[in-house]
Amino acid sequence: MTRLTEHSMEIRVRYSETDAMAFLHHATFFVYFEMGRTELFRAAGGSYRRMEERGLFFVVTHIECDYKTPGRYDDLLTLTTRISRMSFAKLEHTYEVTRQGTLVAKGKSVLACLDRKGEVQRLSEELLYETPSAEGDA
Amino acid sequence: MTRLTEHSMEIRVRYSETDAMAFLHHATFFVYFEMGRTELFRAAGGSYRRMEERGLFFVVTHIECDYKTPGRYDDLLTLTTRISRMSFAKLEHTYEVTRQGTLVAKGKSVLACLDRKGEVQRLSEELLYETPSAEGDA
Amino acid sequence: MTRLTEHSMEIRVRYSETDAMAFLHHATFFVYFEMGRTELFRAAGGSYRRMEERGLFFVVTHIECDYKTPGRYDDLLTLTTRISRMSFAKLEHTYEVTRQGTLVAKGKSVLACLDRKGEVQRLSEELLYETPSAEGDA
Amino acid sequence: MTRLTEHSMEIRVRYSETDAMAFLHHATFFVYFEMGRTELFRAAGGSYRRMEERGLFFVVTHIECDYKTPGRYDDLLTLTTRISRMSFAKLEHTYEVTRQGTLVAKGKSVLACLDRKGEVQRLSEELLYETPSAEGDA
């Protein structure tokens, strides 16, 4: 598979994302992971927004995170998102959040794809992307 | 008009709603105001959820807040929501947030009602409530 | 151990917690879990807020959630929080979110207790609670 | 005054920031405004984070927003933040959020600067910035 399956982006910690410990609140990492999926999908030639306009929705069925060291306001974090597995019905991602090379947190998630009626859709290159992959271009 | 136009509720400040100053983050008050509108509307015999199922949506066109003293994690706040004005096309509310009688913040908002196409709907008792008012019952 | 280790509370889904799928956003469950820990701790005779005033902080080192069916705006959910394990350095909780008896999501978390310098504190009844347990009273 | 008093930045709307109407939730704009203040302050040679480390805190005493057209998931918005007034004790900002030239929302805020005891601090160039202004350099 020649599709892009890894993407890195920088995220500046917002003041509203901190808590009374002055740490980046642990639930915010899941918001970051979702941003990582959006940007990886865009970089690979897809668009969640257009998928939703076509009546297809990704729902998270499992997500988890391990926290190693606190994030703080104004930190410039690097989020790396990878597709770790794509099966008949599930799309799995892993995530790493680092600050200047130090691991802040790592996570993983499992997504399913549903139509408007809530029925699970079979995942395929054709479903996900509107343009052929680099391989398809060859 | 005999409809209920005022409602008070208690809100416990969540840890995730605090920021690095250990204060309740100022943007969270607008989330509280929305809860106040939902509960006032429910207490008066309406339901935002059912309105949305009927294809009617309230959108905020203006909102503001004045902050008097900080809220903190685990504070038990009292939010009082009042309908201050209902005109042809606008619904205005005012809000007061207090902690044991001390004013924490006060705000106001203006809402418009739209249909699915985004067209402004004329506000009326019939539009808002499914049951007649006490006056209507008499 | 005679301390309370289970607590249930009701949570009304806020409009701001929904997303464009009209579902309760998956990251919000972690905010609910934190509310469950706060209320379980309070019901058992402790107080996170006073712990923080004494310079002790709980940090989440691992958290996860499995999603079974979507939550929606205005749903009245029931969150049940249980202490599943308390060891030398870790406090483990499990969570169940239901709506009228139907399982919406379940999760678990691991917390460590730190002092102001970030050093791990040994967990004990004495550390956590200011009042003796029912057993201690006997 | 030769300090920079205006700053523009792009913000990508996050999925978690949308609501069940599929609109960017109105409270999120206040989070964006705070990002704008942070970046304007940074661009002008200051740092909120270092101010907080020195024991100085900005608190919002008033904030408001007018909404013109909805934002949606994945929109790339432009936020322009301006210092509109700086007096003895108050710092006033205005904000404009646009999407491809169309006005989405506009707002304004008033901030006060407090020390650790909560006492209002007199605002000055020296308080805010660690480096002399361009004029000071001449």
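As written, the chain order gives the labels A, B, C and D, with residue 1 at the start of each chain.
Everything that follows uses one rule, which is that a residue touches a chain if its C-beta (ideal position, glycine included) is under 8 Å from a C-beta of that chain, and two chains touch if they have at least 3 such contacts.
Predicted, not measured: the structure shown is a model, and the values here were computed from it.
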Longest centre-to-centre distance from chain D, chain (CA-based): C
Selected from C-D, A-D or B-D, interface repeating B-C by over half of its contact pairs: A-D
Pair with more cross-chain C-beta pairs in contact, given A-C and A-B: A-C
Separation of chain A from chain C, taking each centre as the mean of its C-alpha atoms, in whole Å: 26
Euclidean distance of C-alpha centroids - chain A vs chain D, Å: 28
Rounded Å distance between chain A and chain B, as computed from the means of their C-alpha atoms: 34
Residue numbers of chain D (touch at least two other chains): 15-16, 20, 27, 31, 34, 52, 72-73
Complex contacts: residues of chain C adjacent to chain A: 20-21, 23, 26-28, 30-31, 34, 52, 57, 59-67, 70
Residues on chain A engaged by chain D in the complex (per definition of touch): 12, 14-16, 31, 34-35, 38, 47-49, 52, 72-74
Complex contact set, residues of chain C against chain D: 15-16, 18-20, 22, 25, 27, 72-73
